[in-house]
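First subunit A sits with subunit B, and in the next complex the same chain sits with subunit C.
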Partner chain A sequence: MTSKAQAGTALWAKMPKANAELFALTYGSLVTELVRDYEDPIEVNAQLDRIGHSIGVRCVDEFLSKADVAGMGLSTQCNNLRDTAEVVAKVGFKMFLGVTAEVGGFSQDQRSFSVYLQDNPLSTFVELPSESAQGGDDLRRLKYSQILCGVIRGALEQVNLKVECSIVRDTLKGDEVNEIRVDLKEVLADGAGDDYKEE
Partner chain B sequence: MGFLHLFIVNKSGGLILHRPLGPSAPKINTNDWLRIGSTFHSLHAIAAEASPVKLPGNKNPGENRVYVLYFELLQSATYIAVRIKVCSSHLVCCTSINTTNVLAGADDGIEEIEGGGVILKCLQTRTGIKFVLTAEPGTADLDSVLREIYVLYSECALKDPFYELEMPIRCELFTLAVDGLIERLESGGVKSR
Partner chain C sequence: MSRSAQSNTNLLDRPLGRSGGRVGGSSDATSVSLSAFAYVYSELVQYHQGRAASVSELERRLESAGYGVGLKVLELVAYRSKETKRETRLMSMLQFVSSSVWKSLFGKAADSLERSIDHADEFMIVDYEPITSTFVSVPQDLGQLSADAYVSGIIAGVLDGAGFSARVTAHSVDLEDGEYSKPNTTGMPPRKDKAVFLVKFSPEVLSRDAALDR
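Now for the complex of A and B:
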């Protein structure tokens, strides 16, 4: 077990727990409510992403503060996107969801990677309607766990990494693993802009 | 010995919370605290730029440099010399995939100011919020108190659904928790000394 996985487990141990079934069912009812309200699955995806973003911008502070108090020394662990990806998957996912995620699929230029989730706590009990069912064709376009993309996007945005996230594989749609693709767009810089720098 | 004041500045320099922590805390009104908060924010930014030890990628292996500069205190028109510890040598979290000089927001700028009768410690989080604590010299372990306060902030303020990011914190749970923490430390501190 790597040190990041250990860190994740240690942090998860300290988190207040909620019942996994209650969690899955609550999320399920949120999604069905959105489907009822917006009807268009694309719009539902967008709303889930937005909700996730609001969660992400807040929970990143919880993550950083607790990791810091627990002496994880995250500051020395994130020197490049590869480290960041590991921390998101091994520590972040473990701390908040109690599941272990794997990282992989780095692109040539090291600017994008994938997070693989073997089991997705959000999709327990979930079945998307089959294509033949009524309205099923439409709901195939629903990205049920899109909220996770929003969370990653929001959390990384707060530490100056602008990323785009999307779900590329989903066990609900018959794939063998859940895959979230994260694509780094830009590293935002704080501090004085170049215009204000001395020659 | 004792804590004086806590203030929290958001990433754009706005004061989002100020709170006296002890009976000897200075009596300054909110408008002045707002001014102090944004002045501190600016000084912090200047210190990060003016730091004599900045190397590309912030990969300076050396120790934090301590140097003396004159620092105009807002409350008085007099100039006093204080020691400002500027930190720019830490590795930076999640900076960049190339290691050129990109600021990450944290780990730069003013970390500590020591003056006659007051010591100021600043914790800047990676998300750009500054937690600033002033205390009388000799108060133990301000750094860990700041980290605890950061945890309380994430627990109480950020989880309040009515709290908007970057806005002033008006969250009773948070202020109670901070008071509780300080009380616990002060009573515990007396015993251990």
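Now for the complex of A and C:
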């Protein structure tokens, strides 16, 4: 076990817990509400992404403070995207969802990678309509767990990494594993910007 | 047991697994962090808040979001329980909600179950630390909002699904001095209020129950 996986497990052990089924059902009621309100699955995906982003922006604070207390010294740990990816998957996912995520599939230029998720707590009790089902074709375009992409995007944005995320494989659609592709677009400039410079 | 291996099986053909009643074990695959739940729940509330014109409409929306969950929870808990009997009496149904259902959802039984003194058709389920309002502070302009309306929707769903139709509302009630002082597990300051879920049964449910007494 790597040190990051250990840190993730240690942090997870300290987190207060909630029932995973209640979590899954609650998320399900959010998604059904969105599907009812927006109808177009593409728009639902966009909404889920937006909601995830809003979570990501806030959960990164909790993540950094708790990881800091645990003495992980994250500022020294994330020197490159490979480290960042590992922290997201092995510490972040473990700490909040209690699941183990793996990292892989780095591109040649080291600017994109994949997070592989064997267990997805969001998709318990979920079944998407199959293609053959009447009228079900539309919902095939629904990315049920798109919220995770938003969370990663929002969280990394707060640490100055502008990324694009998408779900490329989904167990709900018969794939063997859930795969989230993360693509680094830009490293944002540090600092508070011109507006906040001292006079 | 990975979920992925089952992805090609029809959802209804998959095993239901064990009840998620055990909370706290680190290797426990049936829990997520309370934070994760709180984030998602907060977004659910925000989403409905953006579409509701008033506090009571927001509560109603949360209740209806919980209602569907309640129906499913009833089925889950019923299938998993070892006994194959169905609750037919009003009191035992309430016991079932405040113990079995509560344990499977929140990892503990409800703190108390009380009968209203004034109204024979009203019962109260009390929870001192409902997870739906652990990290919630209600702003002044939303006054009477109870963020636990979602849970009252779940209760209504469970009761309705079992044939006990009832109107369930959530209220936060200020704690009296020394009423409850157990340290909480979330690292938050002690709560100043408790959640009271007021269950008001339909007249036909009460008359049926009275008929069973004879």
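Couple of notes before you dig in:
What we mean here is this: the second predicted complex is superposed on the first by the 190 of 199 C-alpha atoms of A that agree within 3 Å, B and C clash if a C-alpha of one lies under 4 Å from a C-alpha of the other, contacts with A are read in each partner's own complex, and residues count from 1 in each chain.
Note that a residue touches a chain if its C-beta (ideal position, glycine included) is under 8 Å from a C-beta of that chain, and two chains touch if they have at least 3 such contacts.
Just so you know, these numbers come straight off a predicted model, no measurement behind them.
Once the two complexes are overlaid through subunit A, subunit B and subunit C fit side by side, free of any clash as defined at the top of the document. Once chain A of one complex is fitted onto chain A of the other, the partner contacts of A:158 are limited to subunit B, with no touch recorded for subunit C. Shared-chain residue A:108: touches no atom of subunit B or subunit C. By the touch criterion defined above, A:123 lies against subunit C but remains apart from subunit B after alignment on the C-alpha atoms of chain A.
By the document's definition of touching, of the two partners only subunit C reaches A:98; subunit B does not.
When the two structures are aligned on the shared chain, A:58 is found in touch with subunit B and with subunit C. Contacts of A:9 after superposition: subunit C is touched, whereas subunit B is not reached.
The superposition places the C-alpha centres of subunit B and subunit C at an angle of 90 degrees about the C-alpha centre of subunit A, rounded in steps of 10.
After superposition on the shared chain, subunit A has more residues touched by C, the comparison being subunit B against subunit C.
Here the smallest spacing between CA atoms of subunit B and those of subunit C, following superposition, is 6 Å. Once the two complexes are overlaid on chain A, the subunit A residues touched by subunit B in the first and by subunit C in the second are 58-59, 62. Contact residues on subunit A toward subunit C in their complex (touch as defined above): 9, 12-13, 15-23, 25-30, 32-34, 37, 51, 54-55, 58-59, 62, 95-98, 118-121, 123-127, 147, 171-172, 174-178.
By the touch rule above, subunit B contacts subunit A in their complex via residues 11, 45, 48-49, 90-97, 99, 102-108, 125-129, 147-148, 150-151, 153-155, 158-159, 165.
Contacts from subunit A toward subunit B in the complex involve residues 57-62, 64-66, 68-69, 74-81, 84, 110-111, 156, 158-161, 184, 187, 189-192.
Those residues of subunit C that touch subunit A in the complex are listed here as 2-4, 7-8, 10-11, 20-21, 23-24, 26, 28-41, 43-44, 46-48, 51, 65-66, 68-69, 72-73, 76, 104-107, 131, 150, 185-187.
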